[in-house]
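After this come two complexes, each holding chain A, first together with chain B and then together with chain C.
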Partner chain A sequence: MAHDVQNQMRTKTEFEYTRRRSADEMRGQVTTFAIMIFLTLIAFTAVYADFSPNLVVPIILLLAVIQVIMQLYYFMHMSHKGHENAKFFLFSGAFVAFLTVLTFVTIIWW
Partner chain B sequence: MDLNTKYTPQSWPQHAENSTLEGKNKFVGFWLFLGGETTLFASLFATYLALKNKGPEGMEFTTQELYQLPLVFIMTMLLLTSSLTSVYAMYHMKNYNFKAMQAWLMITVLLGAAFLGFEIYEFNHYVHEGFNYSQSAFSSSFFTLVGTHGLHVLIGLGWFILLMLRNSKRGLNLYNAPKYYIASLYWHFIDVVWVFIFTVVYLMGVAG
Partner chain C sequence: MSSIAQKKGFGATLWDYLTTVDHKKIAILYLVTGGFFFIVGGIEAMLIRIQLAKPDNDFVSAGLYNEIITMHGTTMIFLAAMPLIFAFMNAVVPLQIGARDVAFPFLNSLGFWMFFFGGIFLNLSWFLGGAPDAGWTSYASLSLASPGHGIDFYALGLQISGGGTLIAGINFLVTIINMRAPGMTYMRMPLFTWSTFVASALILFAFPPLTVGLFLMIFDRMFDANFFDHTMGGNTVIWEHLFWIFGHPEVYILILPMFGVFSEIFATFSRKRLFGYSAMVFATVLIGFLGFMVWAHHMFTTGLGATANAIFAVATMAIAVPTGVKIFNWLLTMWGGSIKFTTAMLYAVAFIPMFVIGGVTGVMQASAPLDYQLHDSYFIVAHFHYVIVGGTVLGLLAGLHFYWPLMFNTMLDETLGKITFWLFLIGFNLTFFIQHFLGLLGMPRRVFTYGADQGWDLFNLISSFGAIFMAVAVTILLINIVKTIAQNKAVGRDPWGDGRTLEWAIPQPVPFYNFKQTPLVRGLDTFWIEKQEGNKEGMTYAEPVGDIHMPHNSFIPFVMAFGLFVGAFGALYNGEQAWAVPVLILGLLITFLSMGTRSLKDDLGYHIHKEDLMDKKGGKH
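This part shows the complex of A and B:
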């Protein structure tokens, strides 16, 4: 189980730089969270406001997709380097998901 | 080198979650798993959409009269906030602050448990109204979809609690940092699924 890990003491400047960078990232994530709360509020309000379903449904679906993309890219760090595999796996899954749902709501009927 | 080596914040690797081979493998394997989970939930969503409001002749249950949006709104806020608190936990993991990480995970677990409590209340309420699992095609597909998500929340809570207990005396090292990181990815994924559940099941159910 012992793997080769290069143990490197970072210099003080490097250390402070990475600290500041991760604090910046954390601030960005809090902003992302605020936007996600806001999107949720819009979605619930749109349904409460009793507009036509033809208008409301596309809007709330779009809001959900935006919120999920934020969750994936900022909370799950998919925007970072080294996530090529992650993106491939997840988007393949999402593609299959899209086809499955499309099939069940169009081709299958009762 | 020994995986139990103690670090200082300054010597702690910048990407502790995948600086070992084992960490890298966990990372890739877990994202593959999440791709699979996506298709699992897709089949459940598709089944629900196909069977929504379908049931025996004269069934009085419809999405419009069943769902209560205030409850769903509270649950959404709880889960969304717990997603942020686990981001805070990973922020402290990166800074090699074990105590703060455990504390934020504890808050995450409490929020998740509150979410689960509301869900159990909701299911219990439906069953008492006569909307039980075998009542109709609609009820089966609803309980399977939302229940599978609830099961994921339960597993996530157990996972966090076991990790926190197992490592409480040990502190952070390169052996357990990937484990914490993966568990938090799982927790975010649970929130991703919930975003679609509250939109597709509850909001679209009430909007018509």
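This part shows the complex of A and C:
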């Protein structure tokens, strides 16, 4: 790798384009943030409302999964290009972990 | 290898290797250390076969026998096969993808030294009160009851060397994702690189469960944590699960890279493109995936229940499909090729029937009802030796002959190589084929002796006799190596004449920066393409000659791993010796201080300047 330093000037159009992209992304992040707070409120309500644990636990788990996915896509930029490998490994790992937990739950502790 | 050409003194060379971050030298370190442990494990194997050669033998005691089989299995898998595989990965993969080194040269060295000290620690158990004796699987109900420190040596030693393996695996993943030369798309990667990639992914996901299991085991033994003790609410089966969630992917970590080596050898010596390249890639990835869904086939008789057994049986049998795809593709690669039977090619050709035998017995064991009969008998021993020796070890020996010229610029003697091959093949089949029948006749595995009236005498004697052939074969291989090193006859670039991939296009001896200019990869089998077009240099370049950024050598990885080694003694004798806790703290202090040094002291490496690269010496200072 030859390390020659390169400077790049951006044209006005390029600048406008990035600006709009960033604005879009910002909107996505704020929306997600609002949704996540809302989901958290639901989780709290479910606990305070004294529903049966058989209902509350699955709900909370489900909400947690949704939040993790939002977190990954909107805050950790997994929706961007160039994250295909990370995505692939993340989901493979999650899948393997899921299988493991499933097996333990079904054939050891059931 | 510029350092050798410069004729340094012994001390300087030693220091060079202790501090090196060059993947080519780390490959040699892995090769030598892995080779050493292979001999150690081989000696243990010979002791096993001597003990079993005749009924009611008392060559070794029952307790010592358990230690020997445990250390044989553990040594062969973790300290011989894995590092030898890493030796070839290090030697070949960066060159094959057109990179100047792996992504993290410092970590590469750290990974090696952790493996090294973990292995030494494990083997010191022989001299410090007895080796582990609960089998390489170390099932909790046995290992928790094992007196002495053997099991602690096992758990701590594997923890350290396992950390090294994990580091190495991650390093190769990043290297292959990020460091490929321009034009080397995923679907142009040679199969050895592909299989290294998949094996590294398996390491990434399989070693953490082992780490967890070992920690629970350490806590149980040292602090009475009771994770695996059912009388205290624990569950001994959890260890079995954790071990096999690691263990089954591990056997694929052992075989996949060798599939890669064989693919290269078949294509090279059939002088044909590999048949069905994309199917080969797909099969490799699929095997990697399925490898994580089958671990409970090692536990059919544990009492998981019929449903669980059925699911895992079907999943296991499914693996035979992508494996079959590979076998046929290799056969079709040879079909119609102009085959040259070098030693490496002989190993590759022999591998196919040997591995098929192992695969067929595997599918037999995968049918749960039949496994109730076969489990824990010599049939299992025969199965896994056919896949591991017939697959992995043949692959390592083939790779040794094939890649030796790339690593050392000399060539192993082909005649001696062929003698080794035939002796090894004959001995291997004599030893293990008959063990299928011993298993069917009811001989259990892991017994230190057997009665004379059970009809097992003759078969055991034949089996032991076969082992002698293998020992002779390995001895001849060692003679071959010594002879080759003594003669030191340079063979130059592309010594096989039929090299297809980038690593053979580099001038020999390989410059320490690998590529003066990053190559441009123009297709699968890029060197072959260039040769076809009459390009004498063997490469098209992607960039003009420029400064090359290189990392400095470092002694820190050695010290970091050494700290863990010291600390492990403290952990081992905790609660028994007054010095244990101070030693533990001292060890961890050494490790963390050296980590701190690494983080706080900037080491930005150095540049080889364009002008130095242009002159004849090629940048040697």
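The criterion applied here is as follows: the second predicted complex is superposed on the first by the 101 of 110 C-alpha atoms of A that agree within 3 Å, B and C clash if a C-alpha of one lies under 4 Å from a C-alpha of the other, contacts with A are read in each partner's own complex, and residues count from 1 in each chain.
The definition used in the following text is that contacts are C-beta pairs under 8 Å (C-beta built on N, C-alpha and C of every residue); 3 or more make two chains touch, one makes a residue touch a chain.
Only a predicted model underlies this, so the values are computations on that prediction, with no experimental measurement involved.
Colleague: After the superposition on A, what does A:Thr31 contact: first (chain B), second (chain C), both or neither?
Modeller: A:Thr31 sits against neither chain B nor chain C.
Colleague: Return first, second, both or neither, reflecting whether A:Thr100 touches chain B, chain C, both chains, or no partner chain.
Modeller: both
Colleague: Looking at the overlay, does A:Leu90 come into contact with chain B only (first), chain C only (second), both, or neither?
Modeller: A:Leu90 sits against chain B, while chain C stays out of touch.
Colleague: With both complexes superposed on chain A, which partner does A:Ser79 reach: first (chain B), second (chain C), both or neither?
Modeller: In the superposed model, A:Ser79 contacts neither chain B nor chain C.
Colleague: Tell me which touches more residues of chain A here: chain C or chain B.
Modeller: Answer, by number of touched residues of chain A: B.
Colleague: Based on the A-chain superposition described above, do chain B and chain C contact any of the same residues on chain A, and if so which?
Modeller: Overlap of chain B and chain C footprints on chain A: residues 1-4, 85, 89, 92-93, 96, 100, 103-104, 108.
Colleague: Which stretch or stretches of chain B touch chain A in the complex?
Modeller: So the residues of chain B touching chain A come out as 1-3, 5, 9-11, 13-14, 18-22, 27-28, 31-32, 34-39, 41-43, 45-47, 49-50, 54, 69, 73, 76-77, 80, 83-84, 87-88, 91, 94-95, 174-175, 185, 188-189, 191-192, 195-196, 198-200, 203-204, 206-208.
Colleague: If you look only at chain A, which of its residues touch chain C in the complex?
Modeller: 1-4, 85, 89, 92-93, 96, 99-100, 103-104, 106-108
Colleague: Within their complex, state which residues of chain C touch chain A.
Modeller: Interface residues on chain C, with respect to chain A: 100, 173, 177, 201, 204-205, 209, 235, 237-238, 241, 245, 289, 292-293, 296, 304-305, 308, 518, 543-544, 546-549.
Colleague: Name, in rising order, each residue of chain A that touches chain B in their complex.
Modeller: 1-5, 7-10, 12, 15, 18-19, 22, 25-26, 29-30, 33, 36-37, 40, 43-44, 46-48, 53, 56-57, 60-61, 63-64, 67-68, 71-72, 75-76, 82-83, 85-86, 89-90, 92-94, 96-98, 100-101, 103-105, 108, 110
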